[in-house]
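Some notes on the structure that comes next.
So that you can tell them apart, the chains are marked A, B, C and D in the order they are listed, and the count of residues begins at 1 in each.
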Amino acid sequence: MPGKIRTAQTVSLDIPAAEQPGLHNRWHPDVPTIGSIEPGETVKIECVDWTGGQIGNNDSAEDVRTVDLTKIHYLTGPFEIKGAEPGDLLVVNITDVQPFEDSPWGFTGIFDRKNGGGFLDEHYPKAAKAIWDFDGIYCTSRHIPGVRFAGLIHPGILGCAPSHEVLAEWNRREADLISACVHSHPNKVVAQPPLAVNAHAGQATGDLKAKIAREGARTIPGRPEHGGNVDINNISRGSTTYLPVHVPGAKFSVGDLHFSQGDGEISFCGAIEIAGTITIKFDLIKNGVQSRAIKSPVFRPGDVAPNFGPGRYLTFEGFSVDENGKQHFLDATVAYRQACLRAIEYLKQFGYSGEQIYLLLSCAPIKGSIAGIVDVPNVCTTLGIPMDIFDFDISVEAVPKKRDLGSCPISSV
Amino acid sequence: MPGKIRTAQTVSLDIPAAEQPGLHNRWHPDVPTIGSIEPGETVKIECVDWTGGQIGNNDSAEDVRTVDLTKIHYLTGPFEIKGAEPGDLLVVNITDVQPFEDSPWGFTGIFDRKNGGGFLDEHYPKAAKAIWDFDGIYCTSRHIPGVRFAGLIHPGILGCAPSHEVLAEWNRREADLISACVHSHPNKVVAQPPLAVNAHAGQATGDLKAKIAREGARTIPGRPEHGGNVDINNISRGSTTYLPVHVPGAKFSVGDLHFSQGDGEISFCGAIEIAGTITIKFDLIKNGVQSRAIKSPVFRPGDVAPNFGPGRYLTFEGFSVDENGKQHFLDATVAYRQACLRAIEYLKQFGYSGEQIYLLLSCAPIKGSIAGIVDVPNVCTTLGIPMDIFDFDISVEAVPKKRDLGSCPISSV
Amino acid sequence: MPGKIRTAQTVSLDIPAAEQPGLHNRWHPDVPTIGSIEPGETVKIECVDWTGGQIGNNDSAEDVRTVDLTKIHYLTGPFEIKGAEPGDLLVVNITDVQPFEDSPWGFTGIFDRKNGGGFLDEHYPKAAKAIWDFDGIYCTSRHIPGVRFAGLIHPGILGCAPSHEVLAEWNRREADLISACVHSHPNKVVAQPPLAVNAHAGQATGDLKAKIAREGARTIPGRPEHGGNVDINNISRGSTTYLPVHVPGAKFSVGDLHFSQGDGEISFCGAIEIAGTITIKFDLIKNGVQSRAIKSPVFRPGDVAPNFGPGRYLTFEGFSVDENGKQHFLDATVAYRQACLRAIEYLKQFGYSGEQIYLLLSCAPIKGSIAGIVDVPNVCTTLGIPMDIFDFDISVEAVPKKRDLGSCPISSV
Amino acid sequence: MPGKIRTAQTVSLDIPAAEQPGLHNRWHPDVPTIGSIEPGETVKIECVDWTGGQIGNNDSAEDVRTVDLTKIHYLTGPFEIKGAEPGDLLVVNITDVQPFEDSPWGFTGIFDRKNGGGFLDEHYPKAAKAIWDFDGIYCTSRHIPGVRFAGLIHPGILGCAPSHEVLAEWNRREADLISACVHSHPNKVVAQPPLAVNAHAGQATGDLKAKIAREGARTIPGRPEHGGNVDINNISRGSTTYLPVHVPGAKFSVGDLHFSQGDGEISFCGAIEIAGTITIKFDLIKNGVQSRAIKSPVFRPGDVAPNFGPGRYLTFEGFSVDENGKQHFLDATVAYRQACLRAIEYLKQFGYSGEQIYLLLSCAPIKGSIAGIVDVPNVCTTLGIPMDIFDFDISVEAVPKKRDLGSCPISSV
């Protein structure tokens, strides 16, 4: 008779993440497994928030400004999936994600341009943050009054460990990018090479730990071979993701839980970041990489999601002409930035500061779509805002009036 | 008592588009208006297909291969909206779009890499096409058997005429891009400057016609100031778009009707291209550009759209690592291309050719989303395919088997 | 090469329905077929409105009050489906429904209690009507200002002819009901037996016509063996209905087109009634009645429908306690009437008359659901009103204020 | 700074419900309040399952057969809402419902026809049950293999206490029904009068307890004045219900949590019955009964719900002709029963027993709608089954084959 779902790994909110043996923060094939899971089994896995507790439930942005970005993305795992072999597909069916009951809050941050930055850091260079309080599946923020929405809760990061070959390829190509940009963009972080400082190699010790710290891939970018930090908000409850397996046992890790995230996660610390528990049912499709022609993760969202109706999205268009009037060639990134900037200008009319909206677009159920990507030189992207998350009418028909919508903490430095 | 909706402009499928005075194919403030519409009025406007009839309902791709791309985007208009002044917002509520009853078919094309190209032209350099037959709101293609879907029918192009100042800005910045690339990409069309050949200036004659031909902006790119060729598939029935007005009378034009289009319109001639009739209710928000802080088009989709349920989309992930293993920096365009290429490899298993799927992704109700755009160096984009448009099961759980799915015409040259 | 869809039968809006040989208004196995359709074929079928043109586009309810209810439900057909035999399932895939382009309007009526009546005729005994004007897929009414919605357009009636045995069963059981009620409800029309007056037997003449007039089942009720007047609003575009075949050739008929209808069609003449064209793709499942265990019609709605989002329905509850305080036993009909009456009282606050709302609930996209049907003695039903069809805010949070919302024509008698 | 949501009342799964002072099982104005809640406050409220723990997680239906139906519907409450007065509307915004983490299972039962019965008890007279195991927001049953779905979790019962006047009216009208049926249906339970046996009056003692036991309304029926046992499945997470207040302090109670329920809850013990916790945000609209014209509960569903797409529902039609061929007059209850019976016959083809499907229709996300309610003598109702909850293809196109789908426990008596 089925019983209670077992918790495959717990975490603590009181012990520093760096000291918890069930966590790690590098992708490397040799991080020791912390437990085993049978195909067909459902388990709960606890996760710390992506900063490992660096950000507090308070009204100052100083912790965001001074966040130590070498101490992030503590993932829970790796787990051995019994019988998994390279070339299999690991089937990850997420059946629930919950914040910890004793910790019903989360945060969204704008990083200082000199420490992390974000999609709009040329416009909003100072650190800022918003704290969100959870009321069941809904959230509100004292720092962004006037909005309330249900979270499409999900993990930002999930993936299997790379093989040594895959890891080498990552390090090769990202080093190439760094090299290529070193002269053109000397002060810009275009990618992050392996870094021993604050590497958490899980239960590895001694030489192994040193090796992992020296070689392990950083967790910031998602990568095509395994997924990782994909930040896909509809890999939520009910979703099924098919992940390529690269090493025996799969070595699956998960973390960076988000109560909600807008498409793009534009402020970088952009989702509503939480600690909590994810429930996953695992399965295997043997030899699926080849037999299903799947070399990168593929997924199906769940059938339960906020449904505002298509007609309830106020939608902004963005093209690949930047805010300085420069024409770019089919650049979807530039185009999406324009849509973001336009939405901010629009919503400012109602009384929000730019930072409040930048934070809001990062974490609310915002839809970012690619409309046309072939009409040289302009990509057209769209950004849709569900009007029903606001307490007041934000439609174009409504004559806008400034309200007192408070403020979010912004670093004074 | 309300009567039948009037048709503000007809077109002919028998007379060459270049000879029809109700059409034009340049954006210029001086194209003469072809009629007047009152705010609050609903009218029907007929449109030719975007090639002006160059592509036939047949089983050869030769017409696509040799298409004359100087003879395209014949728009119907411009219409004067009574009372519209620069700084107003023109409210465009599309209440219907229909293919002509006598012409219940459309086409999707892949252009030859040397004549038009497209998003995947390095992989699929040869011209190809698919003809679609309409069965009410559904469509099927003899060239891509096994799929059937309802169209989210819409215009690819809608916008108000630019002012002289706006037009000058367009020509300035696009010329800058061309100049900047002339050495780095000497053989690449990065943008198209004004071109007198085959310019259609509507009812303009003599010097005015020559001026428009000399200065008028080409119609391929959408542009932030007015919209234009935005190729947004959910500007469909029921949608309301708010367009900035730049000249007295607004001078609204519309065309490039699509029976259906996937996000990105990736093959360039990528939607199901049709001739037909669009019904629009017009209104004005006086001084709305300033009073609503809207400098680029904004819209709300209609509430009637295909609803497959979120869980019915098989979704592919794409990152900014290109197909040659090169790492790009936060390039959403590269990332979306990867998602497209992965979807093609997946669907080939069922018996389709690459060209068939390239065409299908271009025109079926495919969702292209921006997942994460800040995780240096990788943007993560997603491409979702509604599984219910296929006659057979394309889920990952289904063991794929090759079927006889025919072929689409491909140019032999 | 596929061509234009053929029109299997036309109708005229100028010739009286009773004189058009492509129509009939009785269900009988011997009504002569008017044409043949191949399995796999798509055809267009034109239909008159259900009253055969008795109601005019004007501002008086006199035509509704004096409507001749023996001259109704003129169906187009019957059509022979080639190869259909009793025991097969006829597959009816509706791919489009359109009002006639020259007749872009429809009507909703409340019948006089003494001539037709309706669900709330004890409360609203006088004839009334609303004329609706079509603006593409949307409609508005000068008689019910403040609302606008897209139609979920559909046929009220579709079915195959009964066999002689099925017809005899219908006449037997309905006669039993009439007999059983003759003393208890002497003045109430509980069912309508065959009636020769104004019977339209299609192309039948002489004795055959007389026989059909004498035996033919009336068209008002839907019936489990074949469907008929089911008034199911989501048998709309894209839907597929599986109809049992009772006679060789199936003898399919269709009519009573509705631009839109609320669940329940409560005012009886309750949908937005139109003349127009329906496009259907036919198929057969041989021996499907037995091989699929389907003795009554089964259907799948289309995937294109208005989607307001679940949270946009203001929903009223109704129980089986009637408006006089009498407790009924598990009576879902009483319960739904209560939900209707409550919704009317609520919406009156905004300035509508009871008749206006009665008409509106009949024809707008209202959802009527059975919540609990076992909690003796009370069924609980719900009636959901999409708030987004109104120009103003009808939420409970909005403080209601009376507006000038005009009036609908109501009979003075 | 906001903190953790407080739990307004706990329950125990180990102490008999009859002995827990935070519960009660009669509606009466004098049941003592167990706590106070401020308008604007969010609290958690724990609830036992509706049988107070009588049904076990085992493979026998004996507990269902012998259930004591006088010991049911133990509600948690009543709670005083500070400042609530008769005539106000209590605003109940449900922000979460969860089964207890230590008790991740629920049950669905068919009662014996002689002890409770249900909607189809003439066809399925024996007791049966299914146990459901929860896997996050999804559930499966070892007794009904082949299905899996997400729950639209909700309370079956919520309401404010009646005033003495309202209570007297309930007792009057239900007694009238009992009297009216005593001769015609001597053995049928048409309604349940007050009953002292096993009445739980909460914290009342002595004379007050006796009075409540003697006068208190039973909890089985929902009632129009306050709601109560409405069994409305989309009063789920995110929903807002507006409840009339009849006594000072409102005296709100809630219970009968359902993990999932089909429209109609047809087997009576028909939902997936659970113990668990509901989170509610309370508010007041002062004098709302009059100022909003709301005399019965009104609600808005939440915006998060399973969305299978409209085209994924296989839908059965039911008319008011009963299974014996008897014609009823506009009886929606008979009509819905027919739709249920037809769905059962259809699904039996795949290998299920009738009892398994009867249970499934009761608790899965089944849609029951009123299509047409005015076409004398036949109401048409529809019952839609989401095809995607099945592991296998249940579409009409699929040739059905019998599978081994096990069995559910059925009482042998």
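Rule of thumb we're sticking to: a residue touches a chain if its C-beta (ideal position, glycine included) is under 8 Å from a C-beta of that chain, and two chains touch if they have at least 3 such contacts.
Per UniProt, the chains are A, B, C, D = Formamidase.
Everything quoted here is computed from the prediction, not taken from an experiment.
Which chain pair shares more contacting C-beta pairs: A-B, or B-C?
Output for the comparison: A-B.
With centres defined by CA atoms only, which chain is the most remote from subunit A?
C
Cα centroid separation between subunit B and subunit D, in whole Å?
Computed from C-alpha means, the inter-chain centre distance equals 50 Å.
Roughly how far is subunit A from subunit B, going centre to centre by Cα mean, in whole Å?
Centre-to-centre distance between subunit A and subunit B: 32 Å.
Rounded to the nearest whole Å, what is the centre-to-centre distance of subunit B and subunit C, using the mean of the C-alpha atoms as each centre?
For subunit B versus subunit C, the centre distance works out to 39 Å.
Where does subunit C touch two or more other chains at once, residue-wise?
In subunit C, the residues touching two or more other chains are 238, 302-303, 305, 307-312, 388.
Along subunit A, where are the residues that touch subunit B in the complex?
Those residues of subunit A that touch subunit B are 89, 118-119, 156, 169, 173-174, 176-177, 181, 189-192, 220-224, 227, 229-234, 238, 242, 263-268, 270, 285, 288, 291-303, 305, 309-319, 321, 325-333, 335-336, 338, 342, 345-346, 348-349, 367-382, 384, 395-396, 399-400.
Applying the document's contact rule, which stretches of subunit B touch subunit C when the two form their complex?
1-2, 4-5, 42, 57-58, 94-96, 101-102, 104-105, 133, 135-138, 142, 150, 237-238, 279, 281, 302-308, 388
Give every residue of subunit B touching subunit D within the complex, in rising order.
Touching subunit D: residues 307-312, 388 of subunit B.
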